[in-house]
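Residue numbering begins at 1 within each chain, and the chains themselves are lettered A, B, C and D in the order written.
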Amino acid sequence: MKEFGFSITKDRQIDYDQNDHRLLNFVLENEPSFIVCISCGGCTATCSAGNLIDFNIRKLNILIRRGETEDLEREINKCMLCGKCMLVCPRGINTRNVILKIKEAIQKFR
Amino acid sequence: MKTEGKKRVWEDYQKEIAEDHYYFQRSCIRQNFFPGSETAFLKILTGELGRDIMDDPHHTTCTGIGYHADIVPFDTTMTVVARHFALMTENGYENMIISCVTSFGIYTEILETWKHFPEVLARARRYLKKATGREFNIPKNVTHASDIIYKFKDQIAAKAKYRLINQQTGEPLKVVEHIGCHYSKMFPSWGVGGAEFPYVLQGMVESWGGEVIDYPERRHCCGFGFRQYIVRANRGYSVANSKKKFESMKPYKPDFVVCNCPGCTMFMDKWQYTISEMEGKTYDEYGFGIPVLTYEEMAGLVLGYDPWELGLQMHQVQSEPLLDKMGIPYDPAEKYKTASGKTFRLPAEPTSLKVCV
Amino acid sequence: MTKKVVIIGGGIAGMEAASTLSRMNIDVLLIEKKQQLGGHVGEWDHLFPNFRNAREITRSLLYDLQDKHIKICTSTEITGISKKSGKFEVRTTQQQTFKADSILLSTGFDLFDARKKEEYGYGIYENVITSVDLEQKLKESNVLTMASGVIPKRIAMIHCVGSRDEKSGYFHCSKVCCITAVKQAIEVKQKLPHAEIFCFYMDLRMYGKKFEELYREAQEKWGIQFVRGRLSEAAENMDGSLQIKSEDTLSGRPLKMNVDLMVLMIGMVPSESTTFLGKMLGIHFSEDGFINHDDIHLENNLTNVPGIFTAGTVTSPMTITDTIADARSAALKIATYIS
Amino acid sequence: MTYHHFVIPFNIGVAVLFAIILVKFTIWIVKLEPVDKKLIRKNFFSIKTLEAVKESFMEGLLHRKIFMVNPVLGYMHMSLAFGWFLLIVFGNFQAQFYTRTVIHPPHYPIFFNFFVTSPDEYLFKASFEFLMDLLLLFILTGLMIAITKRFYSRIVGLKKTTRLKFFDRLALGSLWLIFPLRLFAESFTSGIHHNGNFLTGTLGDAFAKFLPVEQLALPAWWGYSIALGAFFIALPYSRYMHIPAEILLIFLRSFGVRTRRNYSSYSDIEVRSCSRCGICIDACQINKSLGMNTIQSVYFLRSIRENNVDDEKLFTCMLCGRCENVCPVGIQLSDLRVTQRTKNGVRNTSSYDFLNPPPYKIADVVYFAGCMTHLTPAIKKSMLKIFDIAGVNYYFMDSDKEACCGRPLILSGHYENAAKLIDYNKKLIKKSKAKVLVTSCPICYKTFKEDYRLDIHVMHHTEYILKLVEVGILLLEKGDSRVVYHDPCELGRGLGIYEEPRILLEKVSRLLPSDDEKENALCCGGSLAGFNLSSAQKNAIRDDALASLMKSNPDKLITSCPLCKKTFSRGTKVQVQDIAELIASSAYVPEKKKISLKPEAEPVPVLS
């Protein structure tokens, strides 16, 4: 392979049809409340870990919905499971269980 | 696909194209990389169609690439364009043909600016006067060179020696048409057929017997992107765009790509080589790549011009498979001969892209 | 001598205003250019937010029109209106002339022509339909298929087509499309339980009673997915399915997806009849092209021309609930005016 | 005569039983953690052994705790266990008195009435015969209750009884047969030989009138022996293994052995000690409020035994500790559940390397509000006000960029990850050089106490405020609001803080009693441990708890946990306050009286 001094940039586009949706389906099956998220961001605003570092649980949830799970493990491990997100969620999503299920799914579909 | 729906859109985007007496603006890229194209264009207009066209040695670049690369300021570009209008006026012409889509974008942008901001026009006149002592009229009609070919497509068809038909199967050739972004995406009403379903190239292809394929990433930019290409580290962005298009068109098995923008022709052509070198991928069935032609080259082939005269050997992706399909004879021995009969230096052979030597 | 009101437009606003006025012993002439009364509602199948059959509404309104004070002229269009000493003279295509003490404009809205959104390919791609087409399909058939007759596996509902879009020429919000999308998404899901349904929205405006609840039900019970992002373009794939592109604004990433069927939630635009009559009568329009009110809070059935009133979507997009209320209020304003 | 073939099943049973128990006990003890073994060695020859003997007697035989929960159930267990125990003990005495020897075959006293049919006199003969019949009657009455319970649980106050497996059925069936068969065997023999007392004698005479007692006697003895043998063999594989296991448990527990972070051999003994009495099912709010009865401790322990622990059983439980509170065997049910979460949960490691210690402050008191308290800012504000009124030099450790205490991770089974947070927080606490750590959150409090191993005082703010009041730094004004107090699970059952809040509340308000107080307090439903519960389910639990608390129609509901406060305040219009808020609004500093901040003697933890 020739070296041209640049590489073909990887697309930032979410290619929904190419993505693997098993993780999402697993989480939805085991914690159905996950589906009613409206991405208000309350969870991220109150998040203890998010207060200390770049950690956006709202965005992670959206990315999971789109099947984008690269880096998910590293990101989700920033969560301290403190539960503030659950207290502020306007839609009553069991956010902590969502996180446990995501962790479980990561392990399952690794 | 409902053709009647497309036809309705095309009817909405008809533009006025002058009949005769044109002042010609060349393209930097086209004359450098595809030198046969503009020659063929002039030959078709004067020789085949008997039109009056002035190819003026005094005009310069439009500065478009410098402008889009944030190097040349708008006022400079505007003054250069004003100078070209002055040259046109001085030579007694009112209709301008622009060979380059980047230039065409520059001209339309400036003309639209002047329309909405007369004070900018006044400034342009002042600058030009100050710099060169010249004055100018705004052209009556500004068209892209592809518009002209589009206008006379049926006349060309009538004179056609070859048609865009696969001689072996009798099927129409499958053609990917690619319009330069600056042709109609900025000002849809300046382009034949508008921005979403442009008709300028499709009209030619259909008139000459081919069939245009409408693949999902049809609208996507070739990736030239000026700054993306000019800075080497950014070329990855540029090539990624072309790659997206090739991936999308591949299943349709196109016989060739035709572009109206010199930049697109160059990048759609040369990035195929780059991708083949970097990833070992080609996008046709046999590893030759998909030939990328300018519309002048396409017209020239239809009119029976010699492929080597047209400069097809200057392309990265070689067109012999296409010539074979169209039944156009060619002499391999003549491929790399100059006008004086010398053989010029042969290009190095690519690693994975197949070429006919 | 009994006073007389001419109501132009026999949609639900005109119908409700007519029956309300008749109950106040005011003579009403209801003029409708189509053969039948009922307007857009008459062509609809089921209504949000409770999936009620639309025919119940028109049937009930029609029943109330059976009154000696009410005269109905269908298949009739207005050719001219003039005003002389406080009285109006209305001329029609049927070569009739009617005198009126007051005129109520209830000429409703037109549907946005989805073909104007060229990049979505309505009228070009076989599997792009509008919300109105979908409603017709739901009304006429028990199955929903792609143009090829195949059952669609993934369907996208595209919100705000012709609404809130400078490029379409309409800045306003059509108010009903969000909830219509949710309603239709649920109906499609009921018909095609295995289909994936995505709603592409800019904002979800669930302002009405039970709207938010229906939205939640769509997520919770029917698994309908919502993507916040405006579609940039659609392109046809080899098999007739569509590749659509949008930004998934909530993740800040561009999104590409293939769908089998794309439903454009087309908005309400000012009707040609309203524009025609308004110009004839010298009525002021607001920038959005709908009839303007000088006092948007207290005199929202009045126009700048005394004696000419408005009801329903001639002034802005409205739900059925709001239209009915607006029609009643218009009737009351007219009654006060002519007495 | 001292032998007959029919004693063989019995003897085999006894031998097998003792052999298995010996093996099992040995394995358990060998497998114990080294730290636990050390505890045994240390405490074996101490008063603790005697205490264990006493407790074994009280719980294993008398079933004192079951008595306390439900007298009928207590009687049932006592009659069977204690009655049988006495039957064996006095049977042996009887045999010894009769034979005038100490040693005799094990079956001899069991089948005494078969072997001894002659009217020979021996010491206390009449008394023994009467006692043996009385004990048999005692057991039979208990047995009748047990049989009735099996068919109709309500009579003993249980709403749900446990379900059975094969060995349980075998053991239960044979257990049910043992004493009726003994009754018949002895009665038939008495019908022939007239060696029975008021029960067997009377019945024997009656049977002899219409039954061929001579033919029936031997089969009845055979049956009795087989039933015993079957029971003994089934016992180690049935729920009745809890009897020997519980005795071992009592001894180990009194030596200080505990279930810690990981499932240990001791945990296994605890799991085997469960008598499946089902008392935990009734105590569980998930059963009471949600009607869900598959996850309760009795089923959970069974799933551990059967190696089929699932997510539902693991993660639905709120770890409120109500089951543990009523468990007659005293099994650490909450800790066991956590060990299983650790064992069965997701394994992943978080580095939390983003935690950078914020600037700290040298102070007397470290205040850690806790994550939940940040969502109930009134508590935080009240505590700061109290600190200010009392003139305390404090360091508000988590005022801005807080790290979690780690308890929520522990509750989810991520102890290793929690350890990193613990480590981080511990360093900050140490740097402040404070002598006291005060927290507003019982969840944090529990982990500070149990997992941090801090060498300074750790106090929940209820304790701390009371100390301030007791040393006279904080003066409180008596108010007239009628309040009811809710004991948070982690503070009450978790750490036994019941009195401090009540003393404080008596000082500032009129404290009303409520139905479910102290150890019996209901969980608010907001628990961070109940991962699987939906918000609707949590609300149902909360509403039931609220209904109980609101019976006395109080002006205010006072609690001392931010999570309880948040949970309750969403379900009632009655004002819900943390105790700190009420105190802060009632506290004042006496005029012109300057508080001395000089060091004082221990144990006043307020000052350094």
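The rule is simple: a residue touches a chain if its C-beta (ideal position, glycine included) is under 8 Å from a C-beta of that chain, and two chains touch if they have at least 3 such contacts.
Quick caveat, the model's predicted, so the values are computed rather than measured.
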{"item": "Any chain that touches chain D and chain C", "value": "A"}
{"item": "Innermost chain, taking as reference the mean of every protein Cα atom displayed", "value": "A"}
{"item": "Whole-Å gap separating chain A and chain B, where each centre is the average of the chain's CA atoms", "value": "45"}
{"item": "Where chain B and chain D are represented by their mean Cα positions, the distance between them in whole Å", "value": "84"}
{"item": "Centroid spacing, where centroids are CA-atom means, of chain A and chain D in whole angstrom", "value": "39"}
{"item": "Listing of all chain pairs that touch each other, if any do", "value": "A-B, A-C, A-D, B-C"}
{"item": "Touch list for chain A against partner chain D, complex", "value": "30, 33, 46, 48-49, 51-53, 73, 77-84, 87-88, 92-94, 96-97, 100, 103-104, 106-107"}
{"item": "Chain B-facing residues of chain A, complex", "value": "1-2, 4-11"}
{"item": "List of chain C residues in touch with chain B within their complex", "value": "115, 118-119, 121-126, 233, 235-238, 243"}
{"item": "Complex contacts: residues of chain D adjacent to chain A", "value": "311, 315, 345-352, 354-356, 371-372, 374-375, 400-404, 406, 408-409, 412, 414, 421, 528, 531-536, 563, 566"}
{"item": "Parts of chain C lying in touch with chain A, wherever the complex brings them together", "value": "204, 216, 219-220, 223, 225-226, 228, 245, 248, 250-258"}
